[in-house]
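Take a look at these structures.
Across the two complexes that follow, subunit A remains constant while its partner is subunit B and subsequently subunit C.
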Partner chain A sequence: MTLSAFRQDLRVLFLTFEITLKMIAVDSFVLFGILIQPLIIAVLAIWMLTPKDPTQAIFVVIGSGMTGLWSTLLFIGGNSITRERWTGTLESLVAQPTPLSYVIFGKNLASVLQSLLSMLASYALAALLFDLELRIVQPLPFAVSIVLTVFSFVCFGLILAPVFLLNPAVQQWQNAMEFPVYILAGFLFPIALLPGWTTPFSYLLAPYWAARALHATANGSATPQELALSWGMMALFGTLYLVFSRYLLRVILRKARADATLGLE
Partner chain B sequence: MKAIEVEHLRRVFRTTIGVLRRTVKNVVAVDDISFDVAPGELFGLLGPNGAGKTTTVKMLTTLLIPTGGTARVLGEDVVQRADRLRGRIGFIFGGERGLYWRLNGYDNLRYFASLYHVEPETSKKRIPYLLELVGLTDRAKEKVDGYSRGMKQRLHIARTLLHDPEMLFLDEPTIGLDPVGARELRQVIRGLQAEKKTILLTTHYMFEADALCDRLGVINHGRIIALDTPAGLKRHVLDLSVVEIDVFGMPAEALGRVRALPFVDTVSVENVDQKQVLHVQTPQGSAAVPGLMETLSGLRLGKVVVREPTLEDAYVRLVGGEA
Partner chain C sequence: MLRTLRINARLFLEGALLSYVALFRWLRPMTYLASKIMMPLASILFFTYLGTYATSAGNASFYVIGNAIQIASVSGIYGVTMSIGGDRWEGTLVYLFGTPANRLAMFVGRAFFHVLDGILGVLIGLGWGVFLLGLDLSQTDFPALLITILATTFSTSGLGLLLGCVSLVSLDTMFVNNLAYFALLIFSGANIPVTTLPGWMAAISWAMPLTRGIAASRGLIAGESLATVAPLIVGEVAVGAVYILLGYVLFRWFEFQARRRGTLEAF
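This part shows the complex of A and B:
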């Protein structure tokens, strides 16, 4: 690929990001996933956890925000190709010179960044409604963790979207995939509370390493070794997803062209 | 070099029937077709619904992989060199879908321009020009959701011209448009023709094909059954006349009786409001009228006209009255 073509593909990525933001800003389903559902989870978690230990408030805020992040990725990012197919734009996207992975990356980036609002909403709820003291103890490492979280989530979406397009049977399990990740990734309580045999599954999830880094940097328990491990795992998983998604997309688009499933007619 | 070279192209769709005992059924949509199109030519593919026109266009625009045969567009194989070809062609499929309805017309064009690697400086000039060309300048900042079908179709035209493609595929571009919208769109197509763009147009409107196309391929049941200029196709029916009879309520068995008459070549029926217009192609001209009247006796009939055949009649004869 020439430098000029790469620059043009990057321009597509950022324009996709802008266009997607415009479209999802008025989507009530997205707003529910980003704002309402995480707020409900935050209220329940605050009632359950903070009377025993008010210092858990920041854990709750971050955890409920991450539920919004995961739900948005699962439903909006996961459906990013399928939705194009429903609206009849998938054929136009496939029959143009920009690789589809740039388009999906831009769409997922918009969804994931917008879903960070759920963390802000949970923060505002805990601070204003419950009058809880909220403090990020290690702000700079926290910011780096957020950036890596966004990267690993966006790349995870690059895998979900083609898998859902290829196999509608998997998509039927979309709802069932929401809560297990909340639990296995330790969004709302530490995975140490789960049976030991579930731990390897948690380790295989980039959201687990994201939650671990964000919780630790928020409460100030993140050691340099801890940060190196969590950040390294997020970068590793993100890169693996990115590389694998290129192969997956190529295979799936060829299959869709062979099976005549790019359009709905 | 030809703009399009199609050799023995074939596409079979595999479908399954039943839930418990599933049987696989193969449907041949395009069956061993061959044709070519010269640079700058406006080539039409004519055929009834389900004849294989859209399937052919989808294979030529890299959206569908052929089951057999080869196709090259602008010298590039549509399967092996799809990536190189995509930036050089543009396409429109009839209908309203394929646009982002929650965005305005301008943003739709801006986005598709970037997908086709049009430099921002170029798009800033080209988008207003194309909006003007398709008559959407005043509505460009409105959401596509509120556009009429014709406006969406015109936006599709603008979209496909953003990267100034060398070759255009227009699949029934005027379908569903009102007469004024369809006429405006045909004017745009004539303009593109004047710019020496190579165009492949599919349609089942004969007058459109007659007015626009340099050459026509008639496709039916996935096979090309005639390939000629509009004038050449009309010669297929020079020996015939057409008797048109208005019938108010046409039973199937009466139609069968007409088709069975020895002096009748082809029959087609067109529904117009409350009546059916019977188009009977016959070598006997007005001499066939008494025999037809006798066969249709007992039915409520309207006016009867005998006229010279048109391209549409040639088409009807070729597809055996299925149009």
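This part shows the complex of A and C:
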């Protein structure tokens, strides 16, 4: 690939990012997932967790914000190709010279970055409405954890989108996939509460490592070893998702061209 | 008179069945399994683990019962709303309003199968609670619990009928549905005891469906008698009836306005 072609692909990525940002900013379904649902979960969790231990407030803020990240990725990122099929624009996207993965990456980046608002909204809710003291004890590692969280979530979305497109039966499970990740990733309670056999499933999820890094850096318990492990796992899973998504997209495009079913449900 | 009754009964039952079948026309066992069995299970597990983490493992039954009964609102809110709103989206509303059919039978019929479906959903939820989370039903008066579940699915379907009418005039149906469903998670007492809520929030709780049904179910599972929880069950039915009445008034108002303004199919 030449430098000029790469620059053009990046331009497509950022344009997709910009357009998606504008589109989802006025979509009430998305706004519910990004703002309202995490806020309701935050209210519930604050009510349930903080009377026993007020220091849990920052844990709740981060955990409920992460529920917003996951829900947005699942419903918006997961449908990023299927939505193009519904609107009849998938053929045009596939026919243009930029690989489809750049387009999906741009779309997922927009939805994941926008859903970080859920964390800010939960923060404001806990601080202003519930008058709870909130402090990020290790701000710099926390910022690095956020960057890696965004990267790993966006790459996870690159897997979801083609899987949902390839197999509509999996997409029927979309609603049922929301809470299991909240549980397995330990967004709002430690996975130690769960039966031991579920732990390997948690370890396979980038959101688990993201939650682990963000919770630990927020409450100041993150040791260098802990950070290296969580960051390393997020980077590893993000890269693996990226590589595997390229394979999945190739399969989809080959299959769609061979069967002439690109625009068909 | 008898003929009119017969026609209305037929309209009620056929309308109820067809709207349910039409709503789930895409339904395959796998879809039902995902949305009506696994999703509620995941929700029960999440809130029960959150609740026991917040309090203690001994309180698991509080959260299991609350969130199992809360499943009634999945059918009540989403199912009923989509049955009512579906007529608008599928373009059949204009034909319905063109018929001389009894509007009350037609309107209430939309909720009938969702009440039955909701009962099944709650029973499955309680079953998950018994098998996975150790819910103890040994003290339970089962017929009384069934009556309570029926009353609760009736009242949540009443809320669904009201929200369904909102979907006839709004494009943000799913936003409204999601808001109502998640608001119930806070206000219904499924996860936060109503007694711990501030006065204004407790007042909202008692004005919503589910709250009394959840309280009555907890009482019955703890060994209380039907007579003890009867006021809660009667209250739950009354709340449902008020929502149905409000929904019906809104439905007729919408029909009147749509005819007057010629906006029956406007989006």
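One rule holds in what follows: the second predicted complex is superposed on the first by the 263 of 265 C-alpha atoms of A that agree within 3 Å, B and C clash if a C-alpha of one lies under 4 Å from a C-alpha of the other, contacts with A are read in each partner's own complex, and residues count from 1 in each chain.
Heads up, the rule we're going with is that a contact is a pair of C-beta atoms (placed from the backbone, for glycine too) under 8 Å apart; a residue touches a chain by one contact, two chains touch by 3 or more.
All values reported here derive from a predicted model rather than from experimental measurement.
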| item | value |
| --- | --- |
| Touching partner for A:Met48 - first (subunit B), second (subunit C), both, neither | second |
| Which superposed partner A:Ala258 touches (first subunit B, second subunit C, both, neither) | first |
| Touched partner set for A:Val26, first subunit B, second subunit C, both or neither | first |
| Which superposed partner A:Ser221 touches (first subunit B, second subunit C, both, neither) | neither |
| Which superposed partner A:Ala176 touches (first subunit B, second subunit C, both, neither) | second |
| Contacts of A:Leu194 with subunit B and subunit C, given as first, second, both or neither | second |
| Residues of subunit B that touch subunit A when the two form their complex | 13, 54, 58, 61-65, 83, 86-87, 89, 91, 93, 95, 97-103, 107, 110-112, 114-117, 120, 159 |
| Interface residues, subunit C side, partner subunit A - complex | 28, 30-31, 34-35, 38-39, 42-43, 45-47, 49-55, 172, 174-175, 178-179, 182-183, 185-186, 191-192, 196 |
| Residues on subunit A engaged by subunit C in the complex (per definition of touch) | 28-29, 31-32, 36-37, 40-41, 43-45, 47-49, 52, 169, 172-173, 175-176, 178-180, 182-183, 188-190, 193-194 |
| Touching residues on subunit A, where the partner in the complex is subunit B | 5, 8, 11-12, 15-16, 19, 22-23, 26, 87-89, 91-98, 103, 254, 257-258, 260, 262-263, 265 |
